[in-house]
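Data block below; observations after.
Order of writing sets the labels: A, B, C and D. Residues in every chain begin at 1.
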Amino acid sequence: MLKEGQIRIPSGCAISAIISRDGNRMTGEDIVKSMIPMHDRSNGLGGGFAGYGIYPEYKDFYALHIFFDSRTTRKDCEAFLKEYFEIVEAEIIPTRKMPEITDEPLIWRYFVAPFQSMLADMQLDEREYVARIVMKINTELSGTYCFSSGKNMGTFKAVGFPEDVGTFYKLEEYEGYSWMAHGRYPTNTPGWWGGAHPFTLLDFSIVHNGEISSYDANRRFIEMFGYKCTLQTDTEVITYIMDYLVRRQGLTLTEAANVIAAPFWSTIGREPDEETKKRLAYLRTVFPSLLVTGPFSIVLGFTGGIMALNDRLKLRSMVVGEKDDVVYVASEEAAIRAVEPDAENIWAPAGGEPVIVTVKEGAL
Amino acid sequence: MKRVYVNEEWCLGCHLCEYNCAFANSGLTDMAYALKGKPIFPRIHIEGNEKVTYAVSCRHCTDPICVKSCIAGALSVSEGVITVDRDKCVGCLTCVLVCPYGALSPSEDGIMQKCELCLKNSCGEPACVTGCPNKAIVYEERGAAN
Amino acid sequence: MSDYLIIGNSIAGIGCIEGIRSVDKTGTITVISGENHAAYGRPLISYFLEGKTDLDHMNYRSPDFYENMGVDVIYGKKAEKLDPEKGEILLDSGETIPFGKVCVSTGSSPFVPPFEGLDTVESKFSFMTLDDALAIDAVADESKRVLIVGAGLIGLKCAEGLKNRVKEITVCDLAERVLSSILDTECAALMQKHLEENGIKFLLGDSAVSFDRDKAVMKSGKTVEFDILILAVGVRPNTSLVADAGGEVNRGIIVDGRMATTLKNVYAAGDCTEGEDISLGQKRVLAILPNAYMQGHAAGVSMAGGEESFNNAIPMNSIGFFGFHAMTAGTYEGDLYEDKTEDSIKRLFTKDDLLKGFIIIGKEERAGIYTSLIREKTPLSSLNFEILKQSATTAAFSPDLRRKKFGGMV
Amino acid sequence: MAVDFIYPEFEVIRNEDRCIACRACERQCANEVHFFSTEREKMMSDESKCVNCQRCVSLCPTRALKIVKSDCTLRENANWQNETIREVYKQAASGGVLLSSMGNPKPMPVYWDKILINASQVTNPPIDPLREPMETKVFLGKKPDKIRRDEKGNIICDLPPQVELSMPIMFSAMSYGSISYNAHCSLARAATELGIVYNTGEGGLHEDFYKYGKNTIVQVASGRFGVHEVYLEAGAAIEIKMGQGAKPGIGGHLPGTKIVDDVSRTRMIPEGSDAISPAPHHDIYSIEDLRQLVYSLKEATEYKKPIIVKVAAVHNIAAIASGIARSGADIIAIDGFRGGTGAAPTRIRDNVGIPIELALASVDRRLRDEGIRNNVSLVVGGSVRSASDVVKAIALGADACYIATAALLALGCHLCRTCQTGKCNWGIATQRPDLVKRLNPDMGSERLVNLMTAWRHEIMEIMGAMGINSIEALRGNRLMLRGVGLNEKELEILGIAHAGE
């Protein structure tokens, strides 16, 4: 059977995210716990997590998490990496052996820094450089898949139910100020570790529930700008879109949300503030091909915050709640209650209305 | 009140209105059967010359001189529509003599007939209007012409 | 006391009622009707004889007309004397009716010359009223020979009405042609030919001078035997009410456009009046039905305090015999345009850039367009007379004028 | 000569039981096929003059008429078909180039019909356009590649000039002259009411239609007919016509008989003179010359109008389009080989050019491969026949479609393909006043509005079924398409998978 990248596979999902606005570091236990009540939203064919602030000791280095099919591919890849990066640390990511998780690949992480001379040669900024290398690894090195590439953050994913994946990766041993989780319900695949979510590029990671109908329009547009959608998943293309809009076009998160979940023209027409109206119309006109249609609820993680967003018709469930400095986002309220029974202000954001939560300044 | 108006700019002079009118008022259901092989006596007539054609039917004047002139009291106005009582009309043609629009002509038996807006037949809307291939004939409410 | 009194229950009277009611819904109206019939179209009497209509269909208005209009009709009585000062009418029954305003629409009466021996004729009739028609109807049968004295409109319509009911009809007239008041010689000849083809016999330029029971002796010395004699020599307006009260009367009662006579609160309408013929520019009696109605209506509106003038009267006639029609209007003066075929004649008379009159025999379609040009005094230079003279068509009008005529409510 | 005789192509069948001799057919036939025989007291016809435009059939009040193809044929021969042989006869008699009108009638592949559209089931929801907003608005024109901000950090919202369309359809170029005043009037009014645009073609813009300028594309073609400053400024965009799908590489020829009165004034050429558009623009012999014309027009209109460059779909269309995209043009219009025309040499029409579907797919891909797809909008035409053709075109990568034949059909065209005679019985491709008046723009524009409204509804339905609620999410969304009965190469060019994959 074909796997991700060879074919486009629709799937249903559960998503969850927890962030401390005060920047307090939380172990991975809670985010794993939040996924338990949403067990039935996954089917055991993919689960994953992303944690931010988990590698304080290596915070100046890009943490590359990579799956390898075999020792040989690892060796080839390491040789490749050495051409572009200084590798300050290379290690196997610690895991637990457990019957629920099988067929694991070799899972390694590398803390790396780009060679400054190469950067200068290629006239690229550091992040673009790293993004391109990661893209190269994933398209050119077979049997190798880099699934996490940000600084002071990391993604952990596997084939299995999310709560088992959390246990597998020993997430209780990590501490981060923000966590995201994903449980997957793919419809026709045996599941592939690389295909599990979150999907991460640099420090952008996305968990997503939905099946976007604009996929190929978005993909074919974004691929004009050097991105290669190897997985053919929504999450991948949305990640690239966000990267393109925020990192490369310099849009704010809200502006980016106004592109991908653009207000209807009729809504823009009713906008009372002329400046806002002009900006919304402008963004829609300039980036029509980045409008994402069809159902989605996503949480985008980045350094220092998260953004939760629904498609503009709100065709997927997503609720937000809070307690003290902690903000929770999940597909179901039950997920929030499982972690914080006393969560307050639970609400369902409107379609296309971004919910952006950032760690307060100076807390990191 | 809705009346039949003709925009001569769009009248093609195809005369179909005359046939549709004759058929509509024939009381028959098959046009060929109703009209084949006989002269027709429509209540709308194409007028004009090489340059211009247009259909003429009763204007349903608000102050109709035909009604005032009818020697038999056969013409009357009912809710704005001028109708002829065939049982009273004797075919004297005084209405033809007075109508400034040339909108009246007698039927086959000499008794007057006139456009009654297809209100008394089964058409619902004037047959000349529905059948006009170029919407030159319309059925609508208008004020006085300027 | 009646707010409005109408003397005469014919077309002018009906026009008057409808005119009053268009302004005043409540004022009391009384009509004095000499005839014992609801108003009927007077010209229908020949069609009655002919069988083209019957008593049920001759009512000019629906049977409930008077009731709906709130009109009180006094049948079978005649007004004897009008006292405008007192505002009173004296009836032949002796009663008086006070009124606010009165409309005299007394019509006209047959004029019968003093023929020698006329009193010896048993079966003799005028042809003016429904009662005349009913009387003739009672005696007409296939054995009867009819002599009609007078080849005018009345006489000839009577001939047409009786044609298929009697053995023989002869029409005589002192004039050399039929319909001499409206047709010229050539047109009259065409019409006469058509009448003759339909079996009417004529003795023209040669009228009866004396009668002896069933025999008429003509001016030429010829004698004509008949069973029924119909006298249709002419009519005279009934003007005496107004004349006796001191109102100005010529051949008819003189009225202005609002149909006021020279007497206070006295109006007049119909065949008894004399109004302006705008095609001629003179006052004359225009004893035709459409004028009677329109005059009556104008009188009614004026009496009720409204504003309506009838000031575009012209003589006009549509007269047909045995399916062959003649239409005439206006006066026959000015330049002549003529179009003749074997069985049709068209004559248009123009003067001072106006159409003044016409005679059309045989090709009468859309003749009303010509009539309206006379009535409305449309300058001929404003339209294409070359087209117009060939046929009565609004195609001769400018597109603008046509848009005006056809483009909106009229 | 007997050898030239060709039996009439059509027969007029008159049902004598039904014919009431109203003579509507006679009055309505500009070809004078019908006449009333007083001796025989019935309607007769001379079918040799019949072009099968169906005017008489449509107007016959008793349905007494039908036009059928004559069954008088030559001996059957799959290679030498009747039509082929007749054309040889015609040319042997005349020595002339064969002329035809409207689009290629040959049974060439129609790829639209071999492409199927996706719909949502279970894993994501279809959207009901009656209940949810469904957007079809598009903006054509170059999009900036970089967001810029002012010193306060606000986005600078300046766009290159755009054409805003309420739906991704435009009425394609048809000149005043080739079609009638009333046809133009209908198109202009309908475009205005619909919020889309129509196109002057190269006949200039009649003074009466300047008021529809916001919904007009003014064309500049090789003949430069009717081009002047006010004209250029009148439109919503300016189109440089380099070629036409029905006759790539061929100019135009409007016979002097159609250059009457207003047409001559609008074209700015003498009455009665033939209007000949050269095959090339004589100031454009290469791509760099095109760039000069593009910028000349931009200069003339102060960079306020998007420039469209229209080309016929030919073999190396992808490279040509890439060149145009880099010439400064804002919009590329590509016309496929099935596109219509008022008159074209038959051989050219039927044999030159490529199908629009393949041209579109390869151009869209090429521009994306080069990363310049956002620099231009892509408009395609050449036999876009229905809402589903539009949806497929958009999904293949077009920003909008040009339609002309469908618009003419809405106006009454019955595709008799004899526009070149100038005797169009439907009042479309004619300048004869008595025929022109047969197209009442009230009806014409209403029918165009109806057609487009219907198509828009259908587009929305199809989009809704796919779970897409805005047309931009459909553009280039080839995953929504599958091929049927197409070979590997065709699928590869179209960039779509086969049904079942």
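As a working rule, a residue touches a chain if its C-beta (ideal position, glycine included) is under 8 Å from a C-beta of that chain, and two chains touch if they have at least 3 such contacts.
Just so we're clear, the structure is a prediction, and the values are computed from it rather than from any experiment.
J.: Can you list every chain that touches subunit B and also touches subunit C?
T.: Of all the chains present, none is in contact with both subunit B and subunit C.
J.: Under the touch criterion given at the top, what is the topological distance in steps from subunit A to subunit B?
T.: Minimum step count, subunit A to subunit B: 2.
J.: Please state whether A-D or B-D has more C-beta contact pairs across its interface.
T.: More C-beta contacts join the chains of A-D.
J.: Of the other chains, whose C-alpha centre is the longest way from the centre of subunit B?
T.: So the farthest one, by centre of C-alpha atoms, is A.
J.: I'd like the Å distance between the centres of subunit A and subunit D, where a centre is the mean of that chain's Cα atoms.
T.: Each chain reduced to its C-alpha mean, subunit A and subunit D end up 47 Å apart.
J.: Just curious, how far off is subunit C from subunit A if you go by their C-alpha centres, in Å?
T.: Between these chains, centre-to-centre, one finds 103 Å.
J.: As a quick test, compute the distance in whole Å between the mean CA positions of subunit B and subunit D.
T.: 42
J.: Distance between subunit C and subunit D based on Cα centroids, please, to the nearest Å.
T.: Centres of subunit C and subunit D (C-alpha means) sit 69 Å apart.
J.: On the basis of the stated criterion, which chains touch which? Give every pair.
T.: A-D, B-C, B-D
J.: Once bound in the complex, which stretches of subunit B touch subunit D?
T.: Within the complex, subunit B touches subunit D at residues 9-10, 12-16, 18-20, 23, 31-32, 35-37, 131, 133-136.
J.: So in the complex, the part of subunit D that touches subunit B is made up of which residues?
T.: 17-24, 27-28, 58-59, 61-62, 64, 434, 437-440, 442-443
J.: Of all residues in subunit B, which touch subunit C in the complex?
T.: Subunit B residues touching subunit C: 1, 3, 5-6, 8, 47-49, 52, 54, 56, 59, 61-62, 65, 68-73, 85, 87-88, 90-102, 104-105, 110, 142-146.
J.: Within the complex, which stretch of subunit A touches subunit D?
T.: 8, 10-12, 187, 210-218, 220-221, 223-225, 249-251, 255, 262, 264-266, 275, 278-279, 281-283, 285-289, 291-295, 312-313, 315
J.: Which subunit D residues qualify as touching subunit A in the complex?
T.: Residues 120, 123-125, 127, 132-133, 135, 137-139, 143-144, 146-147, 149, 154-155, 157, 159, 162, 368, 371, 373-374, 397, 466-470, 472-480 of subunit D touch subunit A in their complex.
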